[in-house]
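What follows are several structures.
Okay, so chain A shows up in both of these, paired with chain B first and chain C after.
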Partner chain A sequence: MSLPSNSDVVIVGTGVVAAVVAEQLLDAGLSVVMLEAGPRVSRAEIVENYRNLPLGNKGNAIASYPSKPWAPHPEPNSGRPGDDYLQVSGPNGIGYLQSYVRYAGGSTWHWAGTSWRLTPEDMRLNSNFGVGRDWPFPYEELEPYYVKTEYKLGICGPSDEAEQWPQGVPRSAPYPMPELPFSPGENKFTDVVRDKLGLRNVHVAQARNSGTAYDNRPACCSSNNCVPVCPVGAKYDAATALGRLEAKGAKILHNAVVYKVETNAQNQVEAVNYLDPDKQSHRVTGKTFVLACNGIETPKLLLMSADDRNPNGLANSSDQVGRNMMDHPQLAYKIKLKEPYWTGVGPVVNSGIMETSQGDYRARHAAAYFRFNNFAQNRFVTFDTLQQGLVGKALDEQLRHNTGTSGMIVAAHEILPDPNNRLTLSDKKDWLGLPKPAVHYDVGDYVRRSAEEFSGPMIQRIAEAMGVLEAPKTVGFRPSKHIMGGTIMGTDSSNSVVDDVCRSHDHANLFLPGGGAMPSTATGNSTITMVALGFRAAEAIVQQMKAGA
Partner chain B sequence: MMKKLTASLIFGASVLLSPLALAAASDDPAVIAKGEYLAEASDCTACHTQEHGGKPFAGGKAIHSPVGEIFATNITPSKQFGIGNYSEEQFANALRNGVAADGSRLYPAMPYTAYAKLTDEDIHALYSYFMHGVEPVDNPTSETVLPFPMNLRFSMAIWNTLFHDNKSHQDDPSKSEEWNRGRYLVEGPTHCSTCHTPRGFMMQELGDQNLAGAQVGPWYAPNITPDEVSGIGSWSKAELVEYLKTGRIEGKAQAAGSMAEAVTNSFQHLTDEDLNAIAEYVMSVPAINNASEDRFTQGEAGNQLAQFRGKAFDAETEAEGARIYSGNCAACHGYNGQGTDDGYYPSMFNNSVTGEENTSNLIAAIIYGVHRETEAGGNVFMPPFGDQPNALNSLSDEQIATLSNYLMDSYGLASAEVTPEQVAVIRAGGEKSPLVQQARIGMAAGAAVVVLLLLGFVLRRKRRK
Partner chain C sequence: MSRNNNERELQSLSRRKLLKAGAALGAGGLLGVQLPVSAALAAEPGVAPFMELSRLLVNHQLDEGVGQRMWQLLQQENAQLDRQVSAVLEIAHANNAKIVEDFFPAIPEGELQDLAYQVIFGWYAGCLNTSKTAESFAFAQALTFQNTADVISIPSYGRTGPNEWADRPNVPVLPLRDF
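Showing the complex of A and B:
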């Protein structure tokens, strides 16, 4: 495929942020080239990959996406190219073993679609509680971009204000689709936590077509297969947008591993260089550049692109690139219930207790939100049930019983930006000879205090209220796979990487929209905030290019 | 001045010609509402409103005909671009005779051969609706440019002489009021025969094959005569009414393509009384047997998963069709082709699509998907698998042929065979008519279109005898 030289905008990445930015630019009449490190595959292939997995591996979201040698993504203990791709260290290193997908369409291929907004409080941690960082603008400024995101991705959510998150904060537009109904298990859970604990379990706003077609995609067929892949495209993933982008004129090149971003004498970005699977190098020039290749690959690429003018890497005069790596440290608890609850009808995450995530306690410890996952439990209980040595009808009955009475409750925490939680370039090299990313990670005392004083005890109360056979245990902090912080946003160019529109402080034609920019994580999943920032960045790019800057 | 003079001359002539000319468009809300109902029954919007949010009746939509693209015109009361200057008589002349106000001939993509049945009273209501109930849209539409010799619109006058019967509907006193109403609706406004009756060499409907099934672009409008085997004789009238309301009868059939549009835009809005009348009449037309197998009862549940499950996606398998089904279709239609209990996702067996010898609808449903929306049946959307931007997966002609053969073998009429070439034809919008080519050859031989037309004329006279 021949690439047009000197496109208006070169975008590295084809995930949700890249796709949304690209479409805004195309709609504004700009020419766009998108570069994807990994392959472009059909949905059918991923669906069949999943179905062909042995049962024991079906819970591994990444197993249906074998990485290519030239575009490894983390695949721990797989024997595949991504086996030890992401090097982790530190007290909670194992809690930062992220999974993301280097395929055209990116990691929304296997997201659950959960779309919590931030709250006004979430964006002012420092002013309100003396911890973390404030956002450079208030919630009211982000709100219209949330609406754009909800309409672009097709997010269903409750029309009842009492059910909406954030609560008591006006929305400027309703959700484009109604919320999905609860499963039997979620109904019971909602009643139990309300009646016994006075907590409100609310509908998740989610990027999924609820009972209707939307954006020329079908309605959710309730396959409970959102992770690792929606087989029918009812859940938004960026792969569903790529055809439309091409119809609007975007050039999308896959198997193009960008390894260096080049600057010119004015320290503006001039080109990106990529390697193809034959290890041949190519150069793509443009006027404006967007790196939207996920919270790990974007800072990695900036560090790899160090040159004489930018000896610590591009956009890194502040030395903050790759620092402040964040996620939502998660404590998951398997539970065995006295009475059947039955999860599994509908999407895998369909409700949550959000109100616990706000309050003055955030001065002392991390906020957390709690949820009862809606994964169908049969695949998780089958091995244990088989080991009971039952056969025939007795086996069927036991399987049924165990499926109904098993579940998982989760506490998802916020985390503070800590410059010591840092991504660096490892000495180890991947198949193309490019450095692997290394991350040092410690969830920190703020989160540990929450687990000790707040979220851990709360989980026990919830479990008790639900009626468990024994007090649930957790294996410790695990990643939520919401990668944030590595190109952090701020007004002060000496301690942040991008400004309030995700433009690099150091290079006026380089934009880094996405999770990397988020100065605070709150507790809810990061995707719609990343996309909202993408909309904001796209607007700034169009303005800047029209002004001829 | 000249224009005015001409207009008044035409007006004067009209007065002499027709009682209609005396009537002005009525602004009586009841008449306008009746006109709106008739416009829905006639599904004017199917052609005259652009999909995806086009302004009502502003035209511009391309109708894919076997002889080329025909652009629907603006029929809003815009004086510059629409029909705002039409007198009621001119309006009637367009509907019944396919003649526009400027005297130019319409192509029979506009079903004036059916609308000729409309009564004066209904024409008046329609006229009143289009003059007073529709927003004028001052936008031009693309010119229709058909290939030579189809671009010679005057030739349509000869075609009309040969094939167009412009007598309006007359009740048959020997039949019930319901039957007569049904016949009026079927032959007139809802123009069923436009799609369901096969056409002859000159694109004229073949009267002796009324409603016996015909190809409409990529889709096949099946036999809807009351024949027990080939048609819908096994349906109850209540089922036919339900089908027209929802586009679906569980375990039998579902509407896609232009029938889905007709159900969405037109039939679901008709009164129960009218739908029953339609059923009453359709079930009384002459039954025509043209297939050996009943299309509603073929096939059974089953799968070939054991042949490829657990193997790599690109591993060789003899069950390639079953694998394509598994990756693309099974999430909704079931691993056994069983669909869902509520029928929202139809089963692959006992399905008129896989039970029909003509495999167009199977191929077209895969390539174009299905979309219909009714109050009674909800929003039904199957994504396309062609080259559309929103295709769930873009399947090749080869893959669609392999998949179709698997579906027909496992769940339908095993004898039917689908080739990649057939898929390519459906992907391109259906068979092109040989008419253009043959007319050109005819002209080159010095015989001209007229010969063909005369031939048609002779044939028609013979048939009448």
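Showing the complex of A and C:
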């Protein structure tokens, strides 16, 4: 096979960050090759996988995406290649058992599409509250890239300023589409928390076509299956962009697992090496390199690429690669309601209480936002109900009752960057013989204090306001799958990995856009910020290449 | 069975909306797609009694394609299936049963009641047990989804036209949908 050689830009990954960076570069006239570890699959195949799952496994978002032996992704308790791929340890190890998809298109295949922007305060935690890290630039500089992201992905949201997040912060452009309607349960929830607790449950800004087609994709038709897969592509996922990238000239290689990034005598990146499913190695050269493999796979690849000049791994003179691993530690609570709420019309997540996520209390404990998920409850209540021994009309009534009166409320927390929350290379190997990623994780006192003093009590107040049969319980911190921090951004090259445009401090032609760069997490789902950083990096790459040319 | 006007109205309303969204309507109240029926399985002597029993144990329109697949799986794990089906059917006949309530209390505890519960489980869940690796023989046709299809979506099946689900009333749990 003839490999593309010396392209202007080599991008590793075809997830949302990679896809957005690639398109900007192609539009600027640069040549782009993309290397993707996993296979290219059709939407129909994934939808069939989902529909054929037994009821007992329908709630498992990764089960519709069986990983390939050469590109394992975490698939806990599955007996599949990804079974113990991601090794977790530490006080909250299980809280970092992330889920992501190593297929062309990446993890937006099964994301929910929730797209909260950061607030100006979220980017200045250290200055404002004396905790965590500040961003090297202010919100005003990020804002235009948020707009680009909202238009590229097709993010719908409210036009009423009182409903927008962040509140009271000007937007330079409206959302490209209006907000999506609430389900009956969300309407009721919104009324209840407003009337009883004075809280505002607002429409989620989400990457989903609202009321209209957009980006050659159809409007959302309320099939309530965004996680694990939107059957019609009304939700943005990066797989929907790949054909367009190819039409613009991108060359995409699939089943190409990059395992080593190579530097030259000037410590610039010169090539990447990948293994194919026959375990054969190939080398791809280029001028500029972008690693957009997600917050776990990018630091892993950097560590794997250690060489004589960079004995601790590439981009790692600061020793921060793989440190500061973050997410939004979440506490989920199943609730049994006295009256029916009926979730399960419209998207699976469609509203949230964001206003609780700001305040001076962040000097003491983590912020949290709260939401009432909108998943249809059938799959969660059917087995228990069937085991009650009812038949006929009594069974139908009980089943219907349990479906309409069950639900889940969630508290999603911010977390601080802690160098001890660390990704390393496990001595366990995957099918290709590459090291599996290992993450040590402790949510820390800042988050635990929040759960004790703030988010836990707030959940109980919300549950009580909704009218629950008993006080809800949680099984403890679980991941939100928003992987951040492992290639952290900063101005000081001695304690950060990338600069303010996601360029590695150590290698001027190596860019690491995405969640890894984020110095603070805030509480809201962060892919929109990862993509905004991708836009900013792409602009810098174009400038740098034009200046060099 | 007679139904009141409200129920009928609710159901025809949801049908109109589904038709508008282009979803297929199965015959007699089952929403969504029906599974293909196998002629070879239909000729199996055990299938007709199994379907007859199923229709007595579950008071709804049943999809024959689903029944065939469930029968095949049950047969693989239970060598006594045909005998047990006949035994429960006999009890139903002896009670002149038209619906499950007419004869269920007469089914003795033990293997016959277990079978009856398992058949009901299968029709509602689309699989025979709660395991993550159970074989699935029905999804949209599984009655747990049909039971609430007038109010909420069957995941992955389109429900309405663009944003047409706005301002739906928060309906009470009852009345039940007839399906």
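Please note the rule applied: the second predicted complex is superposed on the first by the 546 of 549 C-alpha atoms of A that agree within 3 Å, B and C clash if a C-alpha of one lies under 4 Å from a C-alpha of the other, contacts with A are read in each partner's own complex, and residues count from 1 in each chain.
The working rule: a residue touches a chain if its C-beta (ideal position, glycine included) is under 8 Å from a C-beta of that chain, and two chains touch if they have at least 3 such contacts.
Predicted model only: the values in this text are computed from it and were never measured.
Going by the contact rule set out at the top, does A:Arg244 touch chain B (first), chain C (second), both, or neither?
first
If we overlay the two complexes on their shared chain A, which of chain B and chain C does A:Gly233 touch? Say first, second, both or neither.
In the superposition, A:Gly233 contacts chain B only.
Taking the superposition on A as described, I'd like to know which of chain B and chain C A:Asn49 touches: first, second, both or neither.
Only chain B is touched by A:Asn49; chain C is not.
Per the contact definition in the header, classify A:Cys221: touching chain B only (first), chain C only (second), both, or neither.
A:Cys221 contacts both chain B and chain C.
Looking at A:Tyr341, would you say it contacts chain B, chain C, both, or neither? Reply first, second, both or neither.
second
With the two complexes superposed on chain A, say which partner A:Gly185 touches: chain B (first), chain C (second), both, or neither.
After superposing on A, A:Gly185 lies in contact with chain C but is clear of chain B.
Should A:Ser210 be classified as contacting the first partner (chain B), the second (chain C), both, or neither?
A:Ser210: touches chain C, not chain B.
Just checking: does A:Thr405 make contact with chain B only, chain C only, both, or neither of them? Give me first, second, both or neither.
The second partner, chain C, only.
By residue count, is chain A touched more by chain B or by chain C?
The partner with more contacted residues on chain A is C.
Under the contact definition given at the top, report the residues of chain A touching chain B in one complex and chain C in the other.
The answer is residues 47, 51-52, 54, 211-212, 219, 221, 223, 225, 231-232 of chain A.
Under the stated contact criterion, what part of chain A meets chain C in this complex?
47, 50-58, 60, 63, 77, 180-185, 187-188, 209-212, 219-225, 229, 231-232, 340-346, 376, 378-379, 382-383, 386, 389, 391-393, 395-397, 399-401, 403-405
How about chain A: which of its residues touch chain B in the complex?
42-45, 47-49, 51-52, 54, 211-213, 215-219, 221, 223, 225, 231-233, 240, 243-244, 246-247
Can you check the complex and tell me which residues of chain C touch chain A?
The contact residues of chain C facing chain A are 21, 57, 59, 99-101, 104, 116-117, 120-121, 124-127, 129-136, 139-140, 142, 144-145, 147-148, 151-174, 176.
Which positions of chain B touch chain A when the two form their complex?
Per the touch definition, chain B meets chain A at residues 309-313, 323-324, 326-328, 331-332, 345, 371, 378-379, 381-383, 388-394.
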